[in-house]
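Listed below are the structures to be examined.
Presented sequentially are two complexes of subunit A, the first with subunit B as partner and the second with subunit C.
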Partner chain A sequence: MTTSLTPPRRERSLQDQRARAAFWFLAPMLVMLFCVAAWPLFRSIYFSFTDTTLSNLYGGKWIGFDNYLSRRELSSGRVLWRGTLVDPAWWNAFWNTVRFSVVSVTIETILGMLVALVLNAEFKGRGFVRAAILVPWAIPTIVSAKMWGWMLNDQFGIINDILLNLHIIDQKVAWAANINTAMFAVLIVDVWKTTPFMALLCLAGLQMIPRDIYEAAKIDGVHPVRVFFKITLPLVRPALMVAVIFRILDALRIFDLIYVLTPNSDATKTMSIIARQNLIEFDKFAYGSAQSTLLFLIIAIFVMLYIWIGRVDLSGESGK
Partner chain B sequence: MTKFMKSAAWRATAMAAAISAFGATSVLAEDITYVSGAVGNAIDNFKALVKPWEDATGNTVTIVPMPASTSDQFGQYRLWLAAGNSDIDLYQTDVIWAPQLAEHFVDLTEVAGELAKTHFPSIIESQTVDGKLVALPIFTDAPALYYRKDLLEKYNLPVPKTWEEMTATAKTIQDGERAAGNADMWGFVWQGNAYEGLTCDALEWLKSSGGGQIVEPDGTISVNNPNAIAALELAKTWVGNISPEGVLAYQEEEARGLWQTGNAVFMRNWPYAYGLGNGDDSAVKGLFDVTTLPTGLDSTTSAATLGGWNVAVSKYSKHQEAAISLAMYLAGPEAQKQRAINESNLPTIISLYDDADIAAAQPIIPRWKDVFLQAVPRPSAPTRGKYNEVSSLFWNAVHNTLAGDGTAADNLEELEVLLTDLKGGESW
Partner chain C sequence: MTAMDIFKRTMFYFAVVVIVVVAVFPFYYAVITSFKTGTALFRVDYLITKLDWTNYAAVLGGRNFIRSIFNSVFIATTTVAFALLLAVTASYALARVRFRGRGLLLMVILAVSMFPQIAVLAGLFELVRFLGIYNTPYAMILSYTIFTLPFTVWVLTTFMRDLPIEIEEAAIVDGATPWVIITKVFMPLLWPALVTTGLLAFIGAWNEFLFALTFTASETQRTVPVAIGLLSGASQQEIPWGPIMAASVIVTVPLIVLVLIFQRKIVAGLTAGGVKG
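Then we have the complex of A and B:
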């Protein structure tokens, strides 16, 4: 059978075969992704257009956009706007999330870059330091949030003790409870936890830069700061941009850390927190679904804007 | 079994009825899963508490500990129940949950008919939804004012009767003790975190100052009134003054932590802290006593938020008979007595308040009968399925006020608007 085939045909069939093989290798993953990602996402979006409650998951009626925005004219002539889009609690959570994401990702990127630059240098025990710096990232968020919760505790916390002894503060500060410091406390813990991740991704980018460029710059006597901004930063930029995308995606949906550290504080409530509260605690399943859907859209918009403005190349093709 | 029955004759009543009706004759030993929040040493005690039942029926009980915050527990339970989870057989439920979770629980009216009659009728009523008894009470809760009698004596001050008096006394002693070298001394600790517990605390301030109970039993929203505003303004002065600023993140256990290390003059807490405070590892062992919570303004009646825990049998349980038997045991006189003696939990069976053993082990419990009779329920009955949201709006308004984000008057006015919107018409 095979002997009768002409060479070009054979080539095509090999191509076909490879494509078919690839499909069968990918199929289980695609099915899996559909089940755990696409289907739940679709269901959430569907629920957001119904009046479903958690106690009656399959009996919801279609109510269109009412969970997002609805207009009702009262008999007195007063117009009543309802829905997530006019819910001050939602907008508070939105701004909290944006503030948290911008500040935490900025700090983490800068710190991560600094750490990566240090780790990129040759020094004794570098392997050990590289491993050690990953420890915060390896600790589960719930554990680190609880741990920091105790460290930031107003009466028994070690942070207050240290700061008091150094005379930086003159009385114990209730970091997580005070509405002025709650966001700050959350940011400290998040930066502590995620800087290693950024450092690792930056380090991977740094190691891609050919050494001879630096040698050439050294021979030409270029100032190290200039070397960083003119050589290192442009060359590490593609890797850095991808790292920042990962972090933005993560930061915009922050839930676990805040849920453990400052669960109900209006100063730190994020979109995920408020969506969960509506979904589960308030039995407003559809309303919470609408908020989850909005969160999904907002994250999508953020990332698209970022890719467009930053001209990030996610396909990795232009580098070749 | 016979030896066990002989040891205490009165056990026979509920126990024997429950056991002979269900578990005792079953050949297969079953493993019952019980889920409960972990406060104090409740989890350790639970194992000893169910031992007699395990011995009698041959079944075993696995306890699944949950976070101490009732709001967190509720979220998880609702999720499990909505999914028809059959892994959990019994839920320990808060007194306010019955209307919201009723449909997921087994009706215990018939099984518990006789036993239910021995309990406080008001508690049984709170667990009855549309004629269906959804949970059996295992203990009730009503908070009190804990005070350090040694410090009051030292400064020659009386036990305060009003919130204003309490504020002044706390300030005097706190300042005196700090001057004497205890820099960590605070006047008053309570539960100020933004969660269900703050609703309880603040409801007491309002009610005991003649400021209503947020939503009245007939469904009217009463929260925006001058007395309520005054009560909140007074509470606001405590933060950073006689209470640490961190009190705004405290739940029961954090308050007890500060109290039990001897760093507070007054504490508002539930009865469980009494037994623990007199434990051997406590710095305040024998140095404190309890009284009813103070009153405010010109009001003369104290108010204590009605708490309490119940046990409900999941409709989705695969071991319903054994689970009902355990529920009956936990709500019965033997278990309640043991709980009262070991954990200073208040019984819900009226006759136990006259029990000599309990009176000897926990002298406060017989006195608590009066506190309990003054208890004020949270508005979970009139607001039905919307209670959680009502409570959340209320505790946020209170938390914002205490944290200095807006005045009490502004926040309560806003709360009234939000509650009216939530009510959305004539009835909840």
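Then we have the complex of A and C:
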């Protein structure tokens, strides 16, 4: 072995050693994720192609796409379509989820941005305000659902009391129970609970914008609104895109708030709610699996489109 | 000009006041309600008129609620400890060692953390039944790993990326193995990040509802969110608002105190995920 060869070889062995160590460092996590994520996902998808029931998990037979869509011709010549894809309850849940996600995320983004703009200004008591907006975020969803359920109560709720005193409404409204206002009630609670998250992410984006840009704009006499749309918004866009997708994914899978605030209301049943109902409560285990698989597919396709169209860098690798 | 300035200033502080009131009032109202019983419940008050601890006594007197708190503490602590243990080494590998497929692996981990939990519910249910841990805390400890582990790995990876490379190079020159680098060199630097990540994961596990609802059957095994969510009165029409609010206050106050103490760190941890410019 000549001395001139030693450095590269040593370097390579060090590299090898690190790569080997990396493998063993990653292995436990990967095994664990396989057990709790990949395998259950695979089994759920498998169940959706069988007629498995809750009481007999291993007795299911393979029935192909029948849980999704099946066509049967009766002897009379009438064609019968069955399965989730022709189930009005599924499509109701689908549109409820889409409506909820679009409206809630839009409002949360706008309000979050406004709150972030306020918090980005320098004023006395800023720390106090930031602490205050963390309160809704820290409260468990179930607790906020109960709290708001009480405030929105038709007979004794404070919201009705305030609105009656302000003469905005002339009779008590059963916010959560009424089919016309149930979605509105859910939206109020969700917006209240998650706007702080949006605001904090927006604020982090805002604080990375160098101050001198604003000073330059001020000297040039640019109108503040114009500054916001021409400078601030383009600069926080990458941060905002990431925050928005996190929120959309969260909204698409919403379960707990609706389960507690407006149970059994057709106006607010989302895909997660009816999938769980079929899985656990109605003993249509395989049918529920098909619905949860569809929800997974919808979310997966949506994320890919979002990343592709919005050119979002989620891994944070390119910046390095 | 000055009149305009005063107007702007007033509007600004008005906005600040509105933000604070909207953020804090619902919880404040829950506190007010939790001190009321009987007909006082049905009167709208803006101040605490009388400190009536009846609801608290009722909630804490029922054996199951204390039990639920212990369940939740045990489940959340174990889940977080477990996730951190696995995440520290994994995120070292992801942040510091270059290997093929690293970007893809990071994306997969992020994807798992954003999974719709309902998509794995059927499979997890089967797994929980198969392992014989249905209706025990271990069902939750196992299933919560699906969101705590990817989350902790992700945040710790972004933290570790920012540690200066020189420290590690110096250790390598001294002949330190990757294991020594993690335990002796990085761990002392990582404590703040571990506390933040652990706290956020803890809150996530503490608040979880879907798995806890599905994998428990008896009242004694319930976690706090399920106990509160299913707290019911003698009849369907009669919702025990007083005790519900008392229970809500009991489980929320520690969280709020923690969040306020670790305020800055939490904000840093929340934003470490994606907002890197």
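Here is the rule we go by: the second predicted complex is superposed on the first by the 309 of 320 C-alpha atoms of A that agree within 3 Å, B and C clash if a C-alpha of one lies under 4 Å from a C-alpha of the other, contacts with A are read in each partner's own complex, and residues count from 1 in each chain.
Keep this in mind: a residue touches a chain if its C-beta (ideal position, glycine included) is under 8 Å from a C-beta of that chain, and two chains touch if they have at least 3 such contacts.
Everything numeric in this text was worked out from a predicted model, so none of it was measured.
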Practice problem: Identify the partner contact of A:L57: answer first if only subunit B is touched, second if only subunit C is, both if each is, neither if none is. | Solution: both
Quiz item: Is A:N178 touching the first partner subunit B, the second partner subunit C, both, or neither of them?
Solution: first
Quiz item: Is A:V102 touching the first partner subunit B, the second partner subunit C, both, or neither of them?
Solution: neither
Quiz item: Between subunit B (first) and subunit C (second), which does A:F282 come into contact with in this model arrangement: first, second, both, or neither?
Solution: first
Practice problem: Please work out whether A:Q155 is in contact with subunit B alone, subunit C alone, both, or neither, and reply first, second, both or neither. | Solution: both
Quiz item: In the superposed model, does subunit B or subunit C contact more residues of subunit A?
Solution: C
Quiz item: In the superposed arrangement, does A:P196 touch subunit B (first), subunit C (second), both or neither?
Solution: second
Quiz item: Touching A:L233, do we find subunit B (first), subunit C (second), both, or neither?
Solution: neither
Quiz prompt | Where subunit A meets both subunit C and subunit B, residue numbers | solution = 57, 153, 155-156, 276, 280
Quiz item: Residues of subunit B touching subunit A in their complex?
Solution: 69, 71-72, 74-75, 78-79, 82, 100, 103-104, 184, 192-195, 244-250, 254, 257-258, 263, 385-386, 388-389, 392, 395-396, 399-400, 403-405
Exercise. Name, in rising order, each residue of subunit A that touches subunit B in their complex.
Key: 54-55, 57, 153-156, 172-174, 176-179, 262-266, 276-277, 280-284
Quiz prompt | Footprint of subunit A on subunit C - complex, ascending | solution = 12-13, 15-16, 19-20, 22-24, 26-27, 29-30, 33, 41-42, 44, 86-87, 89-90, 92-94, 97, 99, 102-103, 105-107, 109-112, 114-127, 129, 142-143, 145-146, 149-150, 153, 158, 161, 172, 177-179, 182, 203, 206-207, 209-210, 213-214, 224-226, 228-229, 241, 244-245, 248, 251-252, 255-256, 258-260, 263, 266-267, 270-271, 273-277
Quiz prompt | Footprint of subunit C on subunit A - complex, ascending | solution = 14, 17-19, 21-23, 25-26, 28-30, 32-33, 35-37, 39-44, 47, 57, 114-115, 118, 121, 123, 125, 128-148, 150-151, 153, 155-156, 158, 161, 192, 196-197, 200-201, 204-205, 208, 238-239, 242-243, 246, 249, 252-253, 255-256, 259-260, 271-272, 275-276, 279-280, 285, 288-289, 292-293, 295-296, 299, 303, 314-317, 319-320
